[in-house]
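Shared chain: subunit A. Partners: subunit B in the first complex, subunit C in the second.
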Partner chain A sequence: MKNILLVCNQGMSTSFLVEKMKTVAKNENLAIHIWAVSDAELNDNWEQADIILLGPQVGYLKANTEKVVQHSKPVEVIDFVDYGRANGKAVLDKALKIIEAKG
Partner chain B sequence: MTSLSKSSLTDRLAHIAQAMGGQIHLRTLRDAFASIMPFMILAGFMTLINSVFLDPVGFMGKFIKPETLTTWQSIGTSITNGTLNIMTLLVAVAISYHLCVNRGYKNVIAPILVSLSTMIVITPLTILFTPTGSTEKFLVPGVIPVSYTSASGMFVAIIVGLIATDLFIKFSANKKLQINIAGNIPPAVIKSFNVLIPIMLNILIFAVVSFALKQLLNLDFNALITMVITKPLSYVTTSLPGFLLITSIANLFFGFGIHQAVISGALLDPFLLQNMQDNMIAYTNHQEIPHIINMAFKDTFAVMGGSGNTISLLIAIFIFSKRTDYRDTSKMSLVPCLFNISEPIIFGLPIVFNPMLIIPFVLAPIFSLTVAYFATVAGFINHVVVQIPWTTPPVLSGFLATGGDWRAAALQILIIIATVFIYLPFLKIDEHVSQMQLSKQQNEE
Partner chain C sequence: MEGNELIAFQIISNVGMAKSKFIAGLNFAKLNDYVNAEAAIIEGQTFLTAGHKIHSDIIQQEAQGHKTEFSLLLMHAEDQFMTVETLKLIIVELIAMRKEFIRV
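Right, the complex of A and B next:
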C-alpha cells in the first residue's frame, strides 16, 4: 500500500485532482491511499505519507516542508499544467516513479 | 511563457512568498483565521436569519406574530454571543494553538490556557452603565465587557496570543526556570512543576505591564493597541487605495503561480475580519454600518468564480475563443469556478506566467471593487454585513452577504458582464500571439 499526500492552501482545489487520481488508481487496480490537506494540517499528516506533492500555488513551501519532514521522504511540486487540468494519470505516474526510485 | 516562468521577477516573488509563507507568526495568523472562519460563518448565518427571516417588522411579521419572532430571535442572539461577541478569546486560543504547532511545541494546552487567562487579566472587568431614566452613570463590577471581547479587541488577541505563547515556550525551555527535585520523583510530577513557573511568570508580566499602563498613562491594553496599531494600520489597509493595492499585489503573485493568500492572508485578512465583525454587530443591533470594505465584500465582488473574477474569463472563452484547448480547460474548470475555486483555470489554461492574461487578472478585481465601493457609497446597494463562506456561488453571494439585497446580486451580474469585456481584448491578443507562434513554428519545419 502506497500513500500519497497532496498539500495546497486549503486542501480545496487539490481535492479535485485527488478524485481524478483515485479513479486512475482504481481503474489500474493499484492499492494507493491518496488524500489532500491544507498546509496547516501538514504536521498531522506527513508521517503516513510515502511522498508529499505540493500544489504549484504553494510551491514556495517546498523548502519549509522538507524541513518539517526532516528530509525523510520526497517532497515534489506538481507540474502546474497537470495540476490545472487535473491530469490524474500524469501526476500519479510521476509520484509512483519517484517512490519506486527511492524505495 | 516559459521565459517568464524562469525570469528573475519570478524568482524574486518566489523568494518573498517563501519568506512570508515560512515566517512563523504570519503563518500562525493565517492558520488561526482558518480555524476561526466556521464560527464567523455561523455568526453570519444566524445574523441573516435573525435580521431577514425573524425580523418582527419584516415580511415574516405578516404571517407570524411579531412577539413570537422576537422570542425565536433569542436562539440566534445566544449564538452571536458565543461567537462574534467573544471572538477575541477564540482568536487568542487559535493563535496560541497554531503557534505551538508551527513551533513544534508539544505541551499545547499550557500556552493556550495562559493566553486565555492573560486576555482576561488585561481586561478591566467593569462597565459604566446608565440605567433608563437616569443621567447618572454607575460602575458595574464583575462583568466581562463584550466591547473588549468582540471585534475591537482583535489585535489585542493576536498580540497576546503570539507574545504569551512565545514567552511561554522560551520560559519552559529555560533550564534555570525548572525545578530540580532530588530523589525518586515520577516524571509527571516534575513536569507539572516545570510548567508552573513559566505560567506564573508569563501571566505576572502581562498583569504588571497592564497595571503600569493604567497607572502611568491611564490607558488600558486594549486602548493602547487600538491607538498604536489597529487604527493607523487599518486606515492604510482598508482604505480604498490601500485595499486595492494589497489585493492587486496578492493577485499579481497568483499570476506568477503563488497563492494570493500568502500576501492577503497576513496583510489584509486580520483587518478585513475585524471590519466584518464590526459590521455584523452593527447590523444585528440595527445601528449604522461602519465599514464598506470587509472580508465578505472582497469575496463577493472580487472572487467571483475565484481570484480575478475568473468566471468572466470563462464566459469570454466560451463565447469568443477559437482555441479548443482553452475551451476544453474552461469546460473542466466550470464546476470548481461556480464555487469560486479558480486554480484549475489559473494553472490549466494557464493564466500563470502568461502576461496577456495576468494583466486582466489583476485589473478585473480593481474594476469590480471600485464599482462596488462607490455603489455602496451612493446607496445603490446595501453594505456587505454578513460573513458568508467564500465558496458561495456568485450572485447568490451578493444577495446573502448584503442581508438579502437583490440589487447587490444584480450589480454582481453587471460586473461579471463588464469584466468579460476587460478580459476579451487581452484574450484576443493572447490567441493572436499564440497563433503567430504556431505558424512560425510550422514555417520553420
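Right, the complex of A and C next:
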C-alpha cells in the first residue's frame, strides 16, 4: 500500500485533485491511499506518507517541508500544467515513479 | 475535465505559481539578493497575468451574454486570485522598503 499526501493552503482545490487521482487508482486497480491536508496539518500527517506533493500555490514551502520531514521522504511540487488541468493520472504516475525510484 | 472546472483550475494553478514566485522573491530579498528577488517578481507577474487573462475571458463572455455557471470552485479561484494580487502589492513594497533601509 502506497501513501501519497497532497498539501495546499486550504485543501480545497487539492482535495478535488485527490478525487481525480483516486478514480484513476481505482480504475487501474492500484491500492494507494491518497489524501489532502492544509499546510497547517502537515505535522500530523507526514509520517504516514511515502511522498509529499505540494500544490503550486505552496511551492515556496518546499524547503521548509523537507526540513519538517527531516529529508526522510521525497517532497515534490506538482507541475502547474498538470495541476491546472487537474490531471489526476499525470500527477499519480509521476508520484509513483518517484516512490519507485526511491524504494 | 472541461468547462468551468478547467477554467477554475487554470486560474488556481497560475495564480498559485505566482504566489510561490512572489514569496520566493521576498525570501531572496531577505538574503539581500535583489537581482534574484526582482527576477522572481517578474516571473510571478507572468503567471499572474496568465491567470488574469483566463479570468477576464470569462467576464467578457458574460458581457456578451454567455453566462458562466457559478460554482464554489470558481469562487475559490477568484478568492485565490484576489489574495495573490494583494500579496504582490505588499511584497513589492516590502522589497523596496528593505532595499531603501539597507542603504540608510
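Note that in this section the second predicted complex is superposed on the first by the 103 of 103 C-alpha atoms of A that agree within 3 Å, B and C clash if a C-alpha of one lies under 4 Å from a C-alpha of the other, contacts with A are read in each partner's own complex, and residues count from 1 in each chain.
Following the convention adopted for this analysis, contacts are C-beta pairs under 8 Å (C-beta built on N, C-alpha and C of every residue); 3 or more make two chains touch, one makes a residue touch a chain.
All of these numbers come straight from a predicted model, not from anything done at the bench.
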| item | value |
| --- | --- |
| Overlay on subunit A: subunit C relative to subunit B, clash or fit | clash |
| Subunit B versus subunit C as contact partner of A:M12, first or second or both or neither | both |
| Superposition-derived comparison: subunit B or subunit C, residues of subunit A touched | B |
| First, second, both or neither for A:V58, with subunit B first and subunit C second | both |
| Touching partner for A:N3 - first (subunit B), second (subunit C), both, neither | neither |
| Contacts of A:R85 with subunit B and subunit C, given as first, second, both or neither | both |
| Part of subunit B, among the options 22-30, 202-210 or 310-318, whose backbone runs into subunit C after overlay | 310-318 |
| Doubly contacted subunit A residues - partners subunit C and subunit B | 9, 12-13, 16, 55-60, 80-81, 83-86 |
| Subunit B residues within the subunit A interface of the complex | 14, 17-18, 21-22, 30-31, 34, 98, 101, 104, 254, 257-259, 261-262, 329, 332-333, 336, 341, 343-350, 352, 391 |
| Residues of subunit C touching subunit A in the complex | 1, 5-6, 8-10, 12-17, 19-20, 23-24, 27, 47, 73, 76-77, 80 |
| Residue numbers on subunit A that touch subunit C, as the complex places them | 9, 12-13, 16, 20, 55-60, 77, 80-81, 83-87 |
| Footprint of subunit B on subunit A - complex, ascending | 8-10, 12-13, 16, 38, 40, 43, 55-61, 63-64, 80-81, 83-86 |
